[in-house]
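Two complexes follow with subunit A in common, the first pairing it with subunit B and the second with subunit C.
After this line comes the complex of A and B, so read on.
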């Protein structure tokens, strides 16, 4: 969620709660010179409020499971999740007197710290990444469809190559012996006839197919495929320039089409990467959050009972 | 008789004697060489000339040697006394061969006629002249085809500009439709002012087609669809009243376009939703015409009862406002002379009735299932025959009579604002109304014209548009059962809009005097019509205000201007979590109506979800009128959708999808037994109007999804040409 001026109310309320808690802590700390703890009345208040905020933050997951239930707009729940979740950590610190304790409490605090940090990291990602994706991936597609789109790109490139070869073969069969001789006399480069004028060359077809099978297809088929030289934009440009030299000028638009297919594939890879970054942190945040809630409940029961 | 003997004999007054290929002949003065030779059994090849037409001498294939400096075209050169004519010398053969080679270079070989019947005159002459190689370059500029006529296919490529069709149309039939167009390589035949043949004033008499020596004008029966069934004898057809005055020659040419079909009681004749191309005329027997698709919405998940369902119902309250609005219909319009009652959608048709007109004429899907109630005999026909029937006066009279007897009553009553008409007044109207047919593109009434009548749509679709200095603005598409033309009477003004036939349209016209009488006698109808008229005026005013205020090209190109309610996703905020899609699926029994993909406009993604367009093209072509717009602007698909997919095909934005729907249908192999299968039904976004806010928007945790009115929402962006500030565009939210 983008954190902007629309969060002002939540920010102010959170700040007020935090200020009240901190201000209350000062005389409380004075009252117990030997050191404050969670077992005191104030400590219990801090702990209860902090844990309540944690539970509320945790309920966002449940809220998302029932998106059409009219129990408050999802964005309100999300704002609550962010700000109350953020607030819960200082409250819990105040609850424990800035100590991590021993045993279960110690582990609980460390896990909670990880949840807190991963949450902030996630909030930062969600603030910046959507805009980055929008700007860097103009041809963004639905993430789940990327595999399918990749397959379509392979088919599209294959069709382009086959069509180009068909054009070359067609020209060749139509050409007379004299025409072929004239074309062959036009010059050669790298052992392949430079096909100007008549634009015929048998080897061009093989060259294109070879380029597709050996260089283009492996890159288009796999995610990332960074080891492929064509994955690099600059290397790819020189490879396509070289291919252009070997092909008649009427096939240059086909080469441009293949180039744009490569570019699209690069974008798909980039989108995949961004998507994984944007959602990957949840793999840490969510399980640890559940762990904190469970351990927090155990901690509360244990502390109150004993 | 020897030439000498002939010369010795005096020639009678008014006669001319000459010699053709050494044969002395005497013919009346003024006779052409061609006719003189023909009368004496001497064949001269020709292409541009035939006996029943005036000769023009354009093809020059009939050239003969008359001893002059140049060869003469025998079809136009009249005989002279003592003329010596040679028709088959080697130099003449060479000249004809060159002419034929030149014509063949301009002719697709084999042409349609040659392919199907082997009687292309040009190709036959070329074969006779042993032309197997054309030494001249082929034409490179295409001249095109014209398939707009229902009965005649025009292949301009095969035209040799002999003008036989023009003379047939103009001088034999006196229709004056055909003429020449263009010059040089662009020369060709044209209909009226170079209109497509189907849009011209051509009456499909077939004279041009009969006159054409090549495949340039051919009977469509040989290039169209094939029908199964017994071929019908032309004499039998001509005895039927509905074919009275139809050309026997034409029916004979189209013998494959009309067949007799026999069905046993219980046989299915056609099924709803299928695409067809023929109409049926019942000769004997009765049929049931009905909808077999159950009336229901698409559900892909069981709506299980129990405490979970109750909790869900409690937590997803649905209000009756603003969107829950009844359609107000009592009947379902179908492609026949009857409407089906909404509560029990079944009716009967008997001998002398026609069904499937819209399918046949405009290729709309079948609107209903037809089953033989008794043993039936019917004529199944293609468009060219139906077109001829509909131009036939006696058939029109019968159609009009049947319509007034059977359907006018229910048609009038099916229009909610006219529901209170009394039987006496309807009886009065039966004597007064007329059925009028319009071709696609034809104007029914023009903006600014005085009001002369009130119209009910019986068949087809009518486009209502207004002309403004900036161009034409489409106000509505009217389907069968809709009406127009009332505003001018209510406001005592000229016509406020132009109504144009989108396809083959038939309207019921109530003359102006009778409509005024109706308004006087039924004040409640006047009141209802006035209320509707005011709604239309207000919505048109708003529409025009928007048209004038939004000039941005991209905005228009993406069709955003047409939208009234867009689902936009702010891509700076959207984390691609797909909660909106899940919410949509949850709100619609597991079938999502939105896809998080689509056009981008600045930082917004316009999701693939119904836009409630101002120009709702999806509504054009629904054979049963089940897609409509509610007053609260959203497009809704009613339960009697037959799943033909026409609306999904028509939506330019791909926002209507077809989803399978489980049904029980009768097993065609085992009558009486039901089998489980699926039928598709159209689904589109209904804006969750039963809820206060669309579910997709409500469920978005990132404040990225908004339902907006585009011109208002994008106003800042359009004015400044810069992105709107974050979080700012809230004014246009619906």
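After this line comes the complex of A and C, so read on.
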């Protein structure tokens, strides 16, 4: 979600809450000369509010699971998740008097810190990455379909190569005995016989097929395939230029199409990478968030007992 | 040959319209991790509890409580079903911590709980080291934090405490009381002369000695011989000898039972141990007697002299006709020499008065060190020495803790002090050279209030009854506690 002017109200309200909490902390800190902690009245207030914000932020997952719930728009929930979740960390710091504690509390704070940092990282990514993807990957597709599209690109490239071979003017191996004899007796034209023309076409076809099988196909079939020389845009350009030199000019459009397929595959790889970055942080953020909620509940119960 | 064309329709045809029904690896991982991580966290918590690890403790207990650290229930008493708070009774069952000094407690003062100042589970090795704010909450304004008579005493001094708001030792702590009240001692002592080879030693004028600090100032635990000690006649108990008021360190410690170090305070100055080797000479009264008068109050000295001259006259009947030997000293206004004696009684009186001339003047004898007060129609008496054993009544000081520092480093003015009235106590600025707020955090000695001041009135400490714990009981952990 982009953090734009629609977040202004949430931002202001969060800032006010934070300011009130910090201002209240100053006399509170003076009042408890032995050091503030979660067990004091103010400490409990900070802790309760902070934990309530954490629970609200955690409920976003439930809201997404049941999109038809009539409990506010998903965007509103997301804004609340971002801002109240962000606010919960300083409130918990104030709750603990800026100390990470010991035992369970210690671990809880470190996990919460990871959740907080990963959340900020995710929010920044969600703000900038979509625009970057849009700009850099014009041939973007549905992420889950990338594997399927990759297979289609292989088929498309294979068809292009075969079509090109079929359109060549002759094929020496397919020529009949009479054709070969006629071609042999047809004389020369500029030093090139019909026979040598047929041989050149056959060699071109072989070159193209070899290029597809050995260089293009392995790249198109696998994600990334970074070890393939063709994965690199500059290297690929050189390779395609070299292929053009080996092929008659009527096959150059086919080479351009293959180049286009190669570029699309490269963009799909790029999209895969961006997608993993854009959503990979959730593998840290969400599981640890649930762990914080569970351990936080245990902490709250035990703390009230002692 | 047809060229490759990317139309929307062609692209749409690529898609499998049921793709969202198939779980994607990233989503699958997210789901499984979302289940696994909290489960692992809960399993860790309960397994750690089961194995006796203190997963829930808010911090290690202080060093003095660590030996029964596994026995949480000794302090955390279960109340009802849920609560396991620590009440003062838990602390008081082992510690007899008397209340705050009652004479210094304001009427509106409410005794705080033990845990208010002594916060456990904070990794603090010593619970006694409490933060300053607990003290300055009341004592910041010194004049308000004490009872009315003490406040009157404070505000009646020229400097006053009106503008003093103590925030810590290095923040507005006033200088020590002695600098305002002065030295109460009456014994005349020239430190400069004693420390610069200006005085005659035990062997007389030809034996000038240069004394050092430790010749006179030593803690009680130092059992080495005093270099200037001599055996002297003890004064009768009824006598109010000048030194009789000086208490020993041990006696003084009774006022402050928490001050346990026998090296904390210097032994009080006593004539027999620190002065007698040289100053017994000043108590010689007559060349005919090879002895000195006892270092006692003048009534005892008078009695001693009278006995001596009576004995002398009995032993020397012709003494009455011998020429009188008037002591050539600056005549003191304190004693009048009677006319020439004619009878035995008059002779004894004259000799005693003549000896008094020697002993009670301002250059030798008692007057050399003691302030002699006139008595109407009688012999002057020496003023009480009133040498303080403790200069700071409301604070503790431990010389032993400062033994690595040379004496002059703190008592710098002692070397050049020529007057008794000089207060040779180091000022608060000297202490601040080492003791600072934050202590070890700033590579300095601790500057907390509790370093010098006691909150509890330990004079009221009572010995608690014996406990019946065994070592295994204290060392074992109770099930269900963490």
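Heads up, the rule we're going with is that the second predicted complex is superposed on the first by the 274 of 306 C-alpha atoms of A that agree within 3 Å, B and C clash if a C-alpha of one lies under 4 Å from a C-alpha of the other, contacts with A are read in each partner's own complex, and residues count from 1 in each chain.
Going forward, a contact is a pair of C-beta atoms (placed from the backbone, for glycine too) under 8 Å apart; a residue touches a chain by one contact, two chains touch by 3 or more.
Just so we're clear, the structure is a prediction, and the values are computed from it rather than from any experiment.
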**OP:** Could you classify subunit B and subunit C on subunit A, in the superposed arrangement, as clash or fit?
**Re:** fit
Original post:
With the two structures laid over each other on chain A, which partner does A:148 touch: subunit B (first), subunit C (second), both, or neither?
Top reply: second
**OP:** Rounded to a multiple of 10, tell me what angle the C-alpha centres of subunit B and subunit C make at the one for subunit A, in degrees.
**Re:** 150
Original post:
Does subunit B (first) or subunit C (second) touch A:305, or do both, or does neither?
Top reply: second
Original post:
In the superposed arrangement, does A:160 touch subunit B (first), subunit C (second), both or neither?
Top reply: second
**OP:** Return first, second, both or neither, reflecting whether A:68 touches subunit B, subunit C, both chains, or no partner chain.
**Re:** first
Original post:
Is A:53 in contact with subunit B, with subunit C, with both, or with neither (first, second, both, neither)?
Top reply: neither
Original post:
Between subunit B (first) and subunit C (second), which does A:83 come into contact with in this model arrangement: first, second, both, or neither?
Top reply: neither
Original post:
Quick one: subunit B or subunit C, who's touching more of subunit A?
Top reply: C
Original post:
Touching A:30, do we find subunit B (first), subunit C (second), both, or neither?
Top reply: second
Original post:
Closest Cα approach between subunit B and subunit C after superposing, in Å?
Top reply: 6
**OP:** Starting from the residues of subunit A touching subunit B, keep only those that also touch subunit C in the other complex, and list them.
**Re:** 141-143, 279
**OP:** Report the residues of subunit A in contact with subunit B in the complex, numbered from low to high.
**Re:** 1-2, 4-6, 60, 64, 66-71, 73-75, 77-78, 126, 129-131, 133-134, 138, 141-143, 275, 278-279
Original post:
Okay, in this complex, where on subunit A does subunit C touch?
Top reply: 30, 33-35, 37, 101-105, 111, 139, 141-145, 148-149, 152, 156, 160, 163-164, 167, 253-254, 257, 260-261, 276, 279-280, 282-283, 286-288, 290-291, 293-295, 298, 302, 304-306
Original post:
Inside the complex, what are the residues of subunit C that reach subunit A?
Top reply: 1-4, 6, 11, 14-16, 19-20, 22, 24, 26, 29-30, 33-34, 36-38, 40-42, 45, 53-60, 76, 82-85, 116-117, 119, 121-123, 130-134, 136-137, 482
**OP:** Would you tell me which residues of subunit B are touching subunit A in their complex?
**Re:** 312, 315-317, 571-577, 579, 582-583, 586-587, 595-597, 600, 603, 691-693, 695, 698-704, 726-727
